[in-house]
Amino acid sequence: MSLKDIVAPFSVWKRAFEKPYTNRKPLDTRPGAPRYRGFHINAVDTCIGCGTCEEICQNEAIDLVPVKETRHGDSGLRPKIDYGRCCWCALCVDICPTGSLGMSNEYIWIDDDPEVFRFIPGYDEKSWNHAELGYRRAEGYDLLEGQRVGMPMLSFEESRKSFVEMVQGFSAEQAKAEADRCIACGICVATCPAHMKVPEYIKAIRDDNMAEGLKIVYNANPLPASCGRVCSHSCEYVCAVKHKGEALSIRWLKRYIIDQIYLGDYQKILDEGEPDNGKRVAVIGSGPGGLSAAYYLRLLGYQVTVYDANERAGGMLRYGIPEYRLPYDQVDKDIEYIRSLGVDIRQNTRIGADVDFEVVYRDHDALFFSTGLTDPYGLDIAGEDLPGVLSGLGMLDDVTEGRKPDLGASVVVVGGGNVAMDAARTSRRYNAEVTILYRRREEDMPADDEEIHEAQGEGCLLITQAIPLRIEKGDTTRLKLFWGRAEMVSDGPGRRPKPVLIEGSEEVIACDTVIPAIGQAADYSFLPEETAARLTFKRGYVEVNEFHQTAEEKIFAGGDIANPKRDAISAIANGHSAAKGIDIYLRLLQKERATF
Amino acid sequence: MSDMQDMEKTESEEQIARIAAEMRLANDGLSDQDKAYFCDARPQAVEPYRGIMEKFANWARSQSLWILGFGTGCGAIELRPLMTSRFDMYRYGIQPRPTPRQSSVFVIGGYASVKTVKRIVRSYEQMQGPKFVLGLGSCTVNGGMYWDSYNTINRIDYYIPVDVYITGCMPRPEALLAGFNRLKQMIREGRCEGMNTYAENFDWYKANQKQIIKDWNMPDYNW
Amino acid sequence: MVDVKQNSQRSKFPPVDAVTGKSRYNLLSGKYLKIWQGPQHPGITGNMSLELTVCGDEVIECKTHVGYLHRGFEKLMERRKYIQCFPLVCRICVPEPDFNEYLFAAGAEELAGIEVPEKALWYRTLTLEMARLASFLMWIGGQAGAFGMATIGQWTVTMRDYVLDLFEELSGGRIYHMYIIPGGVRSDLPAGYARRVEDTLVMIEKVLKDIDLAMMHNAVFKKRAVGLGVITPGMVDEYGITGPNARGSGIRRDIRKDLPYLVYDQLDFDIITEEGGDAYARTRVRMRETAQSIDLIRQMLRKMPAEGPFFRKLPNVLHWKVPTGQTYVQAECTRGEYGFFMVSDGTELPRRIYVRGPSYTHAVTLMERLAVHVNIADTAGLMVSLHTYPPEIER
Amino acid sequence: MNSISAAASAGTGSGSGTGTETGTGTGLSGERFPVRERFPVWKDKFSLVSSMIQRQDLAFVQVPMQTTVAFITHLRDLEGYAHLVFFTAIDYIEDGIFRLTYMLHNYRRHHDLGVQVDIPREDAGMESIHHLWPHGATYQRELKEMYGIDFPGSPGVDESFVLEGWHDIPPMRREFDTKEYSEKTYYPRPGRVTYDPTEYMKEKLYPSEAETW
């Protein structure tokens, strides 16, 4: 101890003359920092109620409560936060796939009632609802992956040369990485027509439990090998991860499960169904709807006979979709399993021609028909009957049957749907120059985006807002197609604009073949007149109830003829519903008989 | 006649004695030897002064809030900045005191473990009235972070009455100041009746406390 | 009293009966008095308590009681996913949460085999040093306050508050920053941050100079702190003493140098030691380390890379399965060796996370030993000089 | 200081350096403690069960219960592992064991060694190490309280350490469900209700039985 030790402390008296550190009005002058993690804000219109915030919250501070109307891609639920639990970690903000959740820089909430600290951000009136400042997820920091795992695909150069399947399928690592992106919110389940338990089978992929995955898939879809390739995947359009960039490849993940398991192993994994209950059900048409109904009816214990007019089963899956999208052995894989369960599929048996409808009707306890749309629409223009004008479906049929279509060197495909794309790309594989004409804009095209993209990638020329006018015999080529430009004219609010021909704009394409692929209609000619009279039809569709029962109680119908969605997965769902319906109908009938 | 009266009188005396005995606290947690040391009376609700006197008293109370210096949880860390020069709560009439006898405000600093609840109850009961409780942080409302912990309670209002809650984890010192302002306002309005609530619902509070504090080795009312 | 001294020299523990484990002092003799210091006591660090047996004003037996802040973190973490543990860990130690965040992140990254971007390492080191600075500032105030110099507490806690402002700007939280996340950090530095850090550092340096005059050269402080709670070099390994407590006894140990983590091997600094092993030496170590921390922050702001990512994408955290394995990661926090022992069994939930806080040994075993023969008025000063934070003891 | 140049060669990973044997710029000459060479010696003497090198500065070894304390004493007195970093247990309920972990640190070599020993969960008990390190007694007190592992002879091992008046099964044991205990003991504030998006959307968008499978 020295003199300094006694004197030195006094030297700091100088601080008495410094500016005080005290904040005079702390409550007013110090708002939270720009990044302050204060009270929550939520853009309720952007939010889709996926519940990921609830999932990640380790305090279970978040509840999902109904606020908005439920629609596809939006559960209508919104997070409600309990500030008796919240720890302001902002993980909910970080993980929010839509980016709707944020935090304001307000932080004072005082009350004498402990019950009030719960609120729905953005919905309940709060002073911070429109706060500009506050915590947001920083650029460069993200807990979710917005980019898809790239799918190995043939290059366009290679793909257009052959009918080899273009999409090659995920490897195990790729599938796991893709499955890992799933946030398991379950928004997609409602949108899938078959309500497949998507998050569950994706979890099975993560857990590398293919058997479990197969079980989950078959629970709602007996044609997964086909669906895993060509499904219209409405699930992917509502996927919550899509808000971060790209949706999960749900369809391809399903395909991955199926690709991992040999057909021979299915029986060990899947449920064989109930024993034969002695009842017989007929199914007309072996497309996805018919096969789905047959499968689930078989599981319920019914004897099922499928009547199909074609040489091989599968309907549109086989005849409407070219092999590079859906190889025939994959269709066979699905069908073989259904057949192995004891479903009797009779090929080359056209109702009305080879076997009488009345006989089928009489011999079975119930009947389900899903005969699909087989009658192509014509263009309704002059020269439509010239040689060289083929129907899209007809051409695809020929290719499936192994007959080389007579296309020539240049082809014009008219239409913007998947059949048009298939026809175009198939023609391309026969080395034809392909032009696609479509009446509306590219964004209006009903075909899948990737189909359009791939068609263009393979060298098909797409001309939009083009209306075919007439077909004439060509000079150097077989045909000449005259077409006019269209402009989009508004058709009233809430309706999509319609194309109107610009007068005088006429152009011509010289080509060898014109393939109209602008849709098909149903063909009910197999139905006897008195049966048809008992059913009701509306704009070409058979009218059915929720169980797909027609006005005639013994007859059920599904698939494209009863369903405006007109895709495979809807048909599968229809078949499943109808199977349930038939089961209920027959059991009720039995009960009624027992009571009499 | 007089006999009858005597009998009646003794009966009513017995009754009074019995009621009085029932009003006594059992102090079962204490040994017989210790029972002699501790009071066995219950807390009593306090009648307010009349009219303007109560208003004046409330104003005076609100102007000098002395906090008990007991950092029961992590919330205590934001009391330090409040006590020191930057936020300087002394200018608002708020200051920490080392003992419950001198304090009028108990700041529950967030979560409270069972072991601490025992001390909180003891300290709270030792505080002189009028006394107020400030629940700081989310943990006091509904368990907060530690909602599933085996050792922290979820709702402090089951064990002692709370006047004002400040949500946050951590609430900033400003939030605390705002909480004190709210408390002051409530005191001035005569709405902080926590102490009387405690006296009136003493048995309920005590039952709750005893349910979680398994080794009750203190008097039932620590006064 | 002679008897007592002999006892304490022979035994590593306060004298207890070998059979019953009870204290040998008979309280009923009237010679001794039992005093509880804490949990409700202004002279205790946080919410814990000392059970002191005194003879006159001399402590002859001390027993530490902890558990008032026990939240069962290790149990809670066993039922939370890795990402959900992230908000939890920082709560283990309130005054410097960043070490918990860093160690948890480092452990998880090591088990999962995730490399962190270069810039994140710098940011992590920066926050750790800022946390060290804030924690030391608060500690200086506590140490001074324990010896009756409340003014210094007024200065340093205010200075700490300015550091907290920086944290708030960086991470959005004053106390719980939750900034270091497995994979990196959560955000980039705000624009002009380095300048504001520098401004704060200048302010703090000025105050540190004043503190040096008012505390380190204060006759009262010296009188009370010199010779208080002497840790001999021999005790260091025996009691598992780490950090400034060991360095105050002249032991050159610092994990930042011994097992360099983050970017400490790219920074220029020395291990600070002092001789004496008493409260004064420990205070000097911490004062110098505060200054060193300021220097390190300056170095980092200078050397830090400006470009590059600060976060590396994790697998989907909602079902992040960390491969089976176990590891122990450690860091030098203000109080010594802070460590996370993490065991993963390949599921989404950690199997076991053990948190090794330096206060564990300092506040319990060491305090029980050092408090013997200390004047009761100095126990608070002694307690603070060991720099213990109760929440990391009981977790 | 040549720390900057040294940094270039040293792993800068945040503790995730997986064992390139480089210098660390600490002024320590040569490589880290070649612990691998010690394993055969320990195996002979203390019947080591297994060993694992996690990092160049961290290894785990497993020893049988009988030789554990002798091994630790050997490490402390002869191998320089003088610092007991921590001592804890891991509950492997499915295997019916507790895995005790003694983490020892060698300051000369800057090396951590985790000594692990499996003990049966039934009547769990272990030899005490309080005579080696006084704070070992604290760890043992905690283990007794949190896992119910007994350490006969350890001072104050039966006293409660963190908990007070705990009557349930030791809380760190895996069969103890903390959430269930909390809910039944501490009354979560009622009035919360939540909906699962999948179920809620089903209820709203396709309630029909026809679409339920």
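Order of writing sets the chain letters: A, B, C and D. Residues in each chain are counted from 1.
Here is the rule we use: contacts are C-beta pairs under 8 Å (C-beta built on N, C-alpha and C of every residue); 3 or more make two chains touch, one makes a residue touch a chain.
Every value quoted in this text rests on a predicted model; they were computed, and no experiment measured them.
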item: Both-way neighbours, i.e. chains that touch chain D and touch chain C; value: A, B
item: Distance-to-centre winner among chains (Cα means, whole assembly as reference); value: D
item: Reference chain C; chain at largest CA-centroid distance; value: A
item: Comparison of A-C and B-D (more C-beta pairs in contact); value: A-C
item: Chain B and chain D, separation of their C-alpha mean positions in angstrom; value: 41
item: Approximate Å spacing (C-alpha centroids) for the pair chain A, chain C; value: 55
item: Whole-Å separation of chain centres (CA-atom averages), chain B against chain C; value: 33
item: Centroid distance [mean C-alpha coordinates] between chain D and chain A, Å; value: 48
item: Where chain B touches two or more other chains at once, by residue number; value: 85-86, 115, 141-143, 145, 147-152, 155, 169, 172
item: Of all residues in chain A, the ones touching two or more other chains; value: 21, 32, 58, 82, 84, 87-88, 114
item: Residues of chain D touching at least two other chains; value: 162-164, 171, 176, 178-179, 189
item: Chain-level touch network, classified as line, ring, star, complete or other; value: complete
item: Residues of chain D touching chain A in the complex; value: 189, 191-198, 200-202, 204-206, 208-213
item: Touching residues on chain C, where the partner in the complex is chain A; value: 80-81, 83-88, 91, 155, 158, 165, 168-173, 176, 178, 184-188, 190, 210, 213-215, 217-219, 222-223, 309-311, 313-319
item: List of chain C residues in touch with chain D within their complex; value: 12-13, 16, 21, 66-67, 70, 72, 74-76, 78-79, 102, 105-107, 109-110, 113-116, 118, 121, 124, 237-240, 242, 253, 257-263, 265-268, 325-330, 337, 339, 341, 343, 351-352, 354, 356, 360-361, 364-366, 369, 394
item: Complex interface listing, chain C residues touching chain B; value: 39-42, 46-47, 67-72, 75-76, 79, 87-88, 91, 94-95, 138, 141, 153-155, 157-158, 160-161, 164, 173-176, 391
item: In the complex, chain B residues that touch chain D; value: 114-115, 118, 141-143, 147-155, 158, 211-215
